[in-house]
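Everything below concerns the one structure shown next.
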């Protein structure tokens, strides 16, 4: 027994668990952020305010605390299992979708491989050499949840939803896969860590070789296909709120909560995937990891300066906001400003500390590697966030497609374009290699 | 009802009450059973000038299983009454009912053969909102009063 | 002074009728500017067929069927029941009310469903409320009251507050079975439970899937019910049911005095309440022989057009939400809020104003009224532009709306369509141009017409009508500012304080205005007392909605959403 324990690769186990926790934490945090983003962006686009009353001790965080209230409420709500449902599928379905939403992040590299002296830790939870296919396979499984949930509910409107979901997601799987064939051809690897590193090369010496630059058509196709996989407008037929209510009609309390949260977690996962494949992932344009590590002090100082400027700008906007507000809550919410200004002040102080540290403290190997890691993770999160924002933006701008029009789009329009993309990519590679 | 009642009458339950009531009060998901003119006024409440989503009531659920509060906005006729009752029964606990408008409270000025004289004949009502139709601010007042009512409840009430 | 010019056309019609079809007519008279022809029950069908197809008369639109119970009229009439068929010729612009007198025992008259498709529902309603049997009607069931209701509520011997307890919902399967039998898809083994495994024959391919899109559903806005049989997602048979918002308005009106009717009319089409008030007051003024001053008429025009804008905004916003385009609703509703603000300053209420009185306005207008209205009109144009930009050339919107819910002009007229739904089919009939009132003929505006009669056309006819209404309002305000102030004696201090006693002489009248949904008409019978004896509201939404079976059968469920959204279903009007 002790032999087995001694022979285990402890570093690998510990780092994997740490990475998994971090990635899951990120996904869950971004899930709530996506919900808030959805509400706040829709409010902004619709000329209204959005949630701003749920607070803990006066802190509202622009509606973020409402997610906590939602969660608490759903957790303590009565959990009805109707007598006419098929119990196994009905109960399994929300868990399947939540698991799959979180599993998709297992192969996404959040930063470049961390090399400290002779230890090299890849920044993916699971360093598969077919990481690419793993993502496609996992996202295909999410259709099971919708179909089983709808069918298992043994009720008519969820059945409609399940039928639509299965047809939709299967059609767009194909478009999704095809749009990525070109990408694989250009970068010649399935391994996501490698793929992201290769996106750091420069085309013609100037343009970073991101996926979107070498495969613009593939990018568009993949984005549309992932919207369909996410069941977001304009493809939210299975969940067509005003038509058939959705596959979650018979679900209550936390089971519904899982569906609700899984949708938003999936948005984050889609954002991560798109940014990894097409937007260079953790790559900071024109600054590969070695440059970052070599000039880590300067980089840290520059990043801190940006952070300070950002915090000061945010403080200014906050000041303008409070100046223009004409109402008072007469409770703790009036003092939210103290908390927010305090947080921004701490950011400024931390930034100044980092700048001073950059001058005083000598940066050794570990510090340089850590600086590079933090920056790359931040850029990765930022890119994923941009994609989430665009997905939410699209939701509030476009109407919903009808069932047969959606299928026509997937099979008759996107499939041929995908094939054409593969052909064009092949020809271009022949000519330019 | 669930594990939150495990401690019975004790200070732990009171703390659980605080948390649970906070959650329930701050995210009341409405099911809008809107039939007549009061439904139009409810649409105004959800519109950008007044905006009920500030109270966390943004998620208007179209299935009663996921909704917390049933907002009955409009006249309920005898023909509609079984439908209302069924929707109420399908909702999950805890649930509250807001009767918006004179017709839902008492039949309004339709004192005749086909109008239910107040939905409290069919479902238990928590908040009555008078008006024909009530202003959007009156509906907000109802939501705020409901939030206060929720915060005074206890998890032991709905065993 | 604004004159009602329908009397000249009535004269022409009277002469024509006497000349051409004199044989069937028992009596022909014109009262209160309305032409009435009394016909024997047996010759009704032949008479109506003749005047529908006659090239000089061409009564192509059955406007309404009103039942009247003359039990309490003094002097008592020999026949207790009257059925009045109100007809309109959209080609020649004349109206006719054909009256049939029926005895108290087993009142029966042949059905005219074969002549006008809208007669199906109108006759069902008359049967429901009065118990008059329409012989030969394919499906003579109650329309507004629940199935097991005992008695006929609008009869004068039915007490107004005789309630009958809580019913069970009807399952409508019998009607669906008849329809499906015609398509060779029997469903004998089915009973509706809402579950997918409700029948042993569920796996049988020949048994279609039965889905109840019930009153509590977002598509139908809480007030309609559709029992559909679907094949995949295509609807093969559809049975509509209405009456979930039946509030007994007509019975309540018989119990109120003439001024107290105005709040009831507010709640008919609650999306554009001012138009209902004005329509009712116009009908009563026609009975009383009052003509209102030009100033009053122009104010009424401003109110009507503001109401029309409100109604079209209310139709378009939720239609887009049902299609999935969630944002324009909030932009469109903001303009409604601005109009609410103006009406609140005038009348004190945001939605149900009761802002018009018979013969006058109840209170003087506030000083900044014209400026406020101009501000709203100015805010309207960019909002409409924004919504158009989001939607007009949107490929997804095209796919969802073009060629969906198409109806031809002939079918539309058979179903009694009026208003934007009729104009979307390409037929330019607008009461404001055809039978102008209050000076609409002196204002410059266009009638917006579609081409296909599909959802896309109905949607955009409404959007462009908003722009035309804005034009009308600007001209009316300009005229109002130019008008000299009325001398105090003409307004009459008495009229603005308290309620002048209104008691129209014995008789009947039918009068109509162009409401946002179509022709809103009031058939009023007065017995000279302080309360209306009978008032039948001609509901444009009911006629528009009656075509749902034809529009939706063969369409997909997603199209049903689009169709219902574009027809502008207002429950208060359909069910009254």
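Order of writing sets the chain letters: A, B and C. Residues in each chain are counted from 1.
Convention: contacts are C-beta pairs under 8 Å (C-beta built on N, C-alpha and C of every residue); 3 or more make two chains touch, one makes a residue touch a chain.
This one's a predicted model, so the numbers in the text were calculated from it and none came from an experiment.
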Per-chain Cα centroid nearest the overall protein Cα centroid belongs to chain B
Please flag the chain sitting at the greatest distance from subunit A, going by CA centroids. C
Whole-Å distance, subunit A centre to subunit C centre, using C-alpha means? 51
What is the distance, in whole Å, between the centres of subunit B and subunit C, each centre taken as the mean of its C-alpha atoms? 32
What is the distance, in whole Å, between the centres of subunit A and subunit B, each centre taken as the mean of its C-alpha atoms? 35
Quick check: what residues of subunit B touch more than one other chain, meaning two or more? 47-49, 62
Quick check on subunit A: which residues sit in contact with 2+ other chains? 46-48, 241-242, 245
Residue ranges of subunit C touching at least 2 other chains are 218, 330, 334
Please output the residues of subunit A touching subunit B within their complex, sorted ascending. 39, 43, 46-54, 65-66, 68-73, 75-80, 241-242, 245-246, 248-253, 256
Residues of subunit B defined as touching subunit A within the complex: 1-2, 4, 19-20, 22-24, 26-27, 47-49, 51, 53-56, 58, 62-63, 65-66, 68, 92-94, 155
Inside the complex, what are the residues of subunit C that reach subunit A? 193-197, 209, 211, 218-219, 232-233, 320-327, 330-331, 334, 390-391, 394, 396-397, 399-400, 556-559, 561
Subunit B - residues contacting subunit C, complex: 33-37, 39-41, 43-44, 47-49, 62, 64, 74-75, 77-83, 87, 103, 109-115, 122, 132-133, 135-136
Residues of subunit C defined as touching subunit B within the complex: 144-146, 153, 158-169, 214-218, 221-223, 243-249, 251-252, 263-264, 266-267, 270-271, 314, 318, 329-330, 333-334, 336-337, 340, 350-352, 571-572, 575
